[in-house]
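Look for chain A in each of the two complexes below; its partner is chain B in the first and chain C in the second.
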Partner chain A sequence: MTWAGLVDAVKSAGAHGRALRVRGGGSKDFYGQALEGDVLDTRAVRGIVAHEPTELVLTARGGTPLAEVEDVLARAGQMLPFEPPHFGPGATIGGAVAAGLAGPRRAATNGYTGAIRDFVLGVTLLDGRGEVLRFGGRVMKNVAGYDVSRLIAGSMGTLGVILEVSLKVLPRPPAACTLRLALPDPARAIEQLNAWGGMPLPLTASAYRDGDLALRLEGAESAVKAACRRIGGERVDDAAAAAFWTGMREQTDPFFSLPGALWRVAVPSTAVPLGLPGAQLVEWGGALRWLKGDADAALVRREALRAGGHATLFRGGDKAVGVFTALDPVKARIHARLKAAFDPARVFNRGRMYAEL
Partner chain B sequence: MNAPAGKPLVDLLRQARVVAALREFMPAASVLFEAEDTRPYECDGLSAYRQVPMVVALPSTEAEVARILATCHALDVPVVPRGAGTGLSGGALPMGDGVLLSLAKFNRILSVDTAARTARVEPGVRNLAISEAVAHLGLYYAPDPSSQIACSIGGNVAENSGGVHCLKYGLTVNNVLRVRGYTIEGEAVEFGSEAPDAPGYDLLAAVVGSEGMLAVTVEVTVRLVPRPERAQVILASFDSVEKAGDAVAAVIGAGIIPAGLEMMDKAATAAVEQFVRAGYDLDAAAILLCESDGTPEEVEEEIGRMKAVLGRSGATRLAVSQSEAERLNAWAGRKAAFPAVGRISPDYYCMDGTIPRKALSTILAFIAQMEAKYGLRCPNVFHAGDGNLHPLILFDANDPDQLHRTEEFANEVLLKCIELGGTVTGEHGVGIEKINQMCVQFAPAELALFRALKAAFDPKGLLNPQKNIPTLHRCAEFGRMHVRGGELPHPELPRF
Partner chain C sequence: MNQPIAAQLLRREFPPALLDQLVALLGAQRVSTAAAVREHHGHDESHFPDALPDAVVFPETTEEVAAVVRACAAHRFPVIPYGTGTSLEGHILAIQGGVTIDLSRMDRVLAVHADDLDAVVQAGVTRKALNAHIKDTGLFFPIDPGADASIGGMSATRASGTAAVRYGTMKENVLALTVVLADGRIIRTGRRTKKSSAGYDLTRLFVGSEGTLGVITEITVRLYPQPEAISAAVCCFPNMVAAASTVIQAIQMGVPVARCDFLDPLCVKAINEHSKTGLQEKPTVFFEFHGSEAGVREQAETVQAIAAEHGAEAFQWATRPEERSKLWQARHDAYFACLQLQPGCRIISTDVCVPISRLAECLAATEEDIRRSGRLVPVLGHIGDGNFHLCIIVDPNNAHDIEIAEQMNHRLVERAIAMEGTCTGEHGIGCGKMAFMDAEHGDSLEVMRMVKRSLDPHNIMNPGKVVAV
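Our next item is the complex of A and B:
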């Protein structure tokens, strides 16, 4: 289906009150609430529209394979700074932006870091009326109008189809090193991660499980060397390190095959270890706690809230408990009105995020 | 030009009713309405626009903010929030039939979490006060607008303000974790969270940069970052602005993200040097300030690479700061550029367009043409690394013809920015000032969506209305005028 084909499909669905399920490679079908409606395949709208390395901007059609985007960037010595998970060979850039998920680099402490939304500069959106709308652009700074482009990141395809997206990209760090350290006490490990976070160290990823901490340092050669000396531990060889971080990002690490549902608990980085049954894996300097097991949903949510965070039922389990943490009434009302503004007939991904949207 | 033509006088009955309603729960001294008390609030940093507000409310508690909003909502009275009033686009311009809500009394730093590297602050706290309060912990708040000694964090959130170090460390939107506030209906609401990826739509992203039109901020949680062990800045001189522009692309192209990458042309350095002895090369057609920060090893390595690239790009002189005092002095000059220019001309008008970096020399050549066309001087300072321009048109507001030429000049430059694939505002906001150019940058359906987005937060349209997003009617008028070959007659509002 072409760009114009997508527009027609949306108009017709809207006119007939039908729901459409926006889908790229289907790599994230598992994520979110129920899938409803006929598939609207975005993959025909693909290709890199612009990439000028000196502009630090890449513009691609929504259906472009994520792997293609990463290849093009790698050839120019650049990368997507949020290290998005693919979760399958067919992942598209539009799907990655809609899902809003970031990988290990999310909590890097050197320089400019963040989630996908921090790097979205502009989108071309097909809204629920079949209108093609452009927000933001291809420049680094833009405060004209409301920042709709960033709002689209993580909206799970419920506000529109991402026809095109412009992202800020960054140069790949010249040097990298992964260290392993034994830290038997989880509370101590979280304190240590936060302490390092407050120091000018080029930390770009961390993963802690069962007393074993892995740290990735990236940056200028000299800075990485100095930081390795300062932190100590044992250096992991480069190939094994790359495989390890890919395993974290893609959830192919053995942790993710443990039995039970996978919960993604986001908390302030200093939260003490969560008192929940099951296995835990800590990422993002303490701010992300993966929980694998059969803990009671209400308990997980209570514990997440107590820690100042929120819990998402990421994979498996009973989705009837709600995949995403419920919104308070004021925000739920704003959400409903936003949905109506973008997609009045509720064409897109009905109920994928919250039942009412 | 000072008072929009045809404005009715204050509706005294309405004023009395609003004052009485607010004084039911606020001390009389916190609800102002006499002209001599309300006059100081008549404008923000864009002083060409002035409007005395009907009432000024100065709450000191959150409960008061909530009640002011609920009261105004019930009475259908528009509310304009105000921080420090340094905004450059008229975002805090009051309404003659509305309440100006000053957050000035919300000036406390509520807590600092050293381990988590966050600070919770009230909206009236000055940007620089945050970094000062956490300096002893080896931390700072990265976005550093040149107005940082005066502007408030609430205003920074509303404008998504940037600074000279935002190329590497991000804008306000990248450094704020959570905003707590109240809707126009007086309901408490929280956007973002101290944990990553708050559930639902990223409303924080919508609220940051929303020019105080979606909610009133009463608390901001900011991310703090470790102060780099070392920072050094290179002052690089060039004999043409084009070469300086190309050097910017070359630095980025070499895979370097400087901590700051700023450009000033000869007219700007001349003005600054009279005001602050920053040690700039006054013979250069343009200078770049290119900063590296990090560990000592990192900085040494990066400064070496930067010097090599700048040298290859034709720099005629390279000077590296040899002490922290020297470095700060170099930045003091850049940060004082606006006031410095303010001293060499009765008035100046600051633009804020952003363009793709590769178009730097094109826009510079265009601005030079416009200087000749309109007979006005225009020194340039840029956030070059971000492609964000601040051309400063010098004029005398007492001369109506100069004022008119300045308007035309600015309009042409902004439209050129759009044509080059950029935007009319990179960090100062649309406010009332660039509202006409929004009609050119966005299509009617996009503007309609912006209005619907506002209505999702504020269905009655009472919170800072008439800013940022033009009505279709206004666009129809401007559009017509624009089609007539850039001949802009005077609409009912002055355009800057």
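Our next item is the complex of A and C:
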């Protein structure tokens, strides 16, 4: 469906009170509360609109395959700094922005860091009235009005269709090294991760499970070398390291095949190991805890809250418990009003995030 | 058109009952209607005429702010949040009258989580006070606009500073907020977790909303480890474009330059006179590199080599902390230094930001415009971000002079927008740039209006700023 086709489809759905389900490659269909409405396929609105390597900005149509974006960047020695997961061959850049997910690099401590929203410079959005709206642009800094483009990041397609997005990109770090260390005590491992996090080390990924810690260091050659000496451990060969981090990012690592539901628990990085049944995998320097197993949903949410965070039922399990942590009534009202500002007829992704949106 | 509505028409009489309520809430000591206090809160660092609030209140807790907002909401009376009054676009002017909430007494650092690399502060804590507070933790907060602004004000205006190219701006560094909404209810957006709470990213919506959606009372900010080594250098270039090209090439090669700011010869002259710095009066870039000893050396060598290719002179180094502070303090005082180029004047500061690939073109056209105008216009900027400022010096009592300056700004904004840039990279909209919003946003402005209405249905939060509703 072309750009104009999308506009017509949205206008028609709005006029007839029909729901549309915005979908790129469908690689993240598993994620979110409910899938409702007819599919609005975004994949025909594709292509890289602009990429001037010296500018460190890439603008692409929402339906552009994520793989294509990454390929173009790689050829210029650049990357998407948030390392978004694909979760399937058809992933699109618009879908990645709407899902707002980031990979292992999310918690890098050396400036190669951030969530997807931190790199969104502008979006062109098709709203629920069928209007095409632009927010932000290709500039690095913009404080002209409300930061709507960042509100769109992670909004799960509930506010509009991302027709085009401009992202800040970064050069690939010139040197990389992955280290493996044995740290049998999980509490000690989390302390150590946080201690390193507070030092000027070029840490760009970490993963801890069952006494085994993997660390990725990236940056200037000399900085990586110096950091490796300081941390110690055993160097993993580059091909194995790349495969390992892909396994983390794409959830193809054996951990993710363990039985039970997959919970994503975001906590302050210093939170002690969660007292929950099931297998745990720690990422982002301690700030992200994956839980695989059949722990009771109420218990998971209570434990997440106690640790100062929140839990999302990421894959599997019974969605009736609520995929996302429930909003308090005040915030729920703000959400409803924002939804009404962008999509008054609730055309887009009804119930994908919360039943009432 | 998105323009400040003839505000005096909207000014209402201050309800005596509201004053009584405010006094009952906070005590007479912390509610002022004194002319001197109102005057102090009736202007910022812009050139706009003063606009005084009807009263100024000094709450000490989020709950007190909420009570004040509730009282004002009941009377549908404007509320203007106030940090340190250093905004540049009339953000804090009480153009429709109202109650100014001065947050300076909310000046406590509530928590420093050194291991989590964050701190929770009340809105009135200034950036320098926060850095002084955390000095012993080995951490620092990197956002440094010219003024020693409050963290609340910096969040509300999405401030940046000289280190944005490496550490980002407030939008990347605010993790969570406590906000008093227009009806007096209190919400917390985000948590101290890397992944913000479930649902829409309300934190990002309030950051940069300039007090028009709510009053920010507490902020969780990200902190960074102090680099092991820092070195600063000053480098003279044959022209602005050479300087910009050097910076861009360095960033593109992955050199994590921590700070880089450009100053034109007139600006250097001004800071030499103001701060006694003795710099060469040439197009100049201040660089700062952060990292390990080896890393800093490597970064500096790479940038020096690129600069030489663009015809720059050798770097002059400042490695001792006091030399460095003097240099950057001089840079931060550039606004005041420029003011002194012509005593008694005011400055109209422009703030466009353009895509980096268009920066050289935009600078060249702007230089030509300045040359033709025959005026004193120092230029400085964060060229690594595509953002630069003209300090157009004007006589505040000469309407014609201001008009000519406004026209120069107008041409610059049009030029920037035509290059897919923005009218404001870091100063914000306030009431000063509202008229540019149509040209920049077109139909999208209507959605911003709807966002404003959905959070502030009675338009009492800093009315007449950002979007006219």
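Just so it is clear, the second predicted complex is superposed on the first by the 356 of 357 C-alpha atoms of A that agree within 3 Å, B and C clash if a C-alpha of one lies under 4 Å from a C-alpha of the other, contacts with A are read in each partner's own complex, and residues count from 1 in each chain.
Here, contacts are C-beta pairs under 8 Å (C-beta built on N, C-alpha and C of every residue); 3 or more make two chains touch, one makes a residue touch a chain.
Source: prediction; values computed, not measured.
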Item checked: Partners on chain A (chain B, chain C) - clash or fit -> clash
Item checked: chain B versus chain C as contact partner of A:E131, first or second or both or neither -> both
Notebook entry, point to check: Is A:L56 contacted by the first partner chain B, the second partner chain C, both or neither?
Noted result: both
Item checked: First (chain B), second (chain C), both or neither touched by A:G17 -> neither
Checklist line | First, second, both or neither for A:M140, with chain B first and chain C second | finding: both
Notebook entry, point to check: Touch check for A:V330: first (chain B), second (chain C), both, or neither?
Noted result: both
Notebook entry, point to check: Both chain B and chain C contact which residues of chain A?
Noted result: 52-57, 100, 106-107, 109-111, 114-115, 117-118, 127, 131, 133-135, 137-148, 150-151, 153-155, 159, 170-172, 174, 191, 194-195, 197-200, 219-220, 222-223, 226, 266-270, 284, 287-288, 308-310, 312, 324-327, 330-331, 334-335, 337-338, 340-342, 353-354
Note to self: Looking at the complex, which residues from chain A come into contact with chain C?
What the structure shows: 52-57, 100, 106-107, 109-111, 114-115, 117-118, 127, 131-135, 137-148, 150-151, 153-155, 159, 170-174, 191, 194-195, 197-200, 219-220, 222-223, 226, 264, 266-270, 284, 287-288, 308-310, 312, 324-328, 330-331, 334-335, 337-338, 340-342, 353-354
Checklist line | Contact footprint of chain A on chain B as seen in their complex | finding: 113-118, 137-139, 159-160, 162, 166-171, 173-174, 183, 187-190, 193-203, 205-206, 208-210, 214, 225-229, 249-250, 252-253, 255-257, 294-295, 297-298, 300-302, 354-358, 383, 385-388, 421-430, 434, 438, 441-443, 445-447, 449-450, 452-457, 459, 468-469
Next item on the list: Name, in rising order, each residue of chain C that touches chain A in their complex.
Entry: 113-118, 138-139, 157-158, 160, 164, 166-169, 171-172, 181, 185, 187, 189, 191-202, 204-205, 207-209, 213, 225-228, 248-249, 251-254, 256, 290-292, 294-295, 298-299, 353-357, 382, 385-387, 420-429, 433, 436-437, 440-445, 447-448, 450-455, 466-467
Item checked: Residues of chain A defined as touching chain B within the complex -> 52-57, 77-78, 100, 106-107, 109-112, 114-115, 117-118, 127, 131, 133-135, 137-148, 150-151, 153-155, 159, 170-172, 174, 191, 194-195, 197-200, 202, 219-223, 225-227, 266-270, 284, 287-288, 307-310, 312, 324-327, 330-331, 334-335, 337-338, 340-342, 353-354
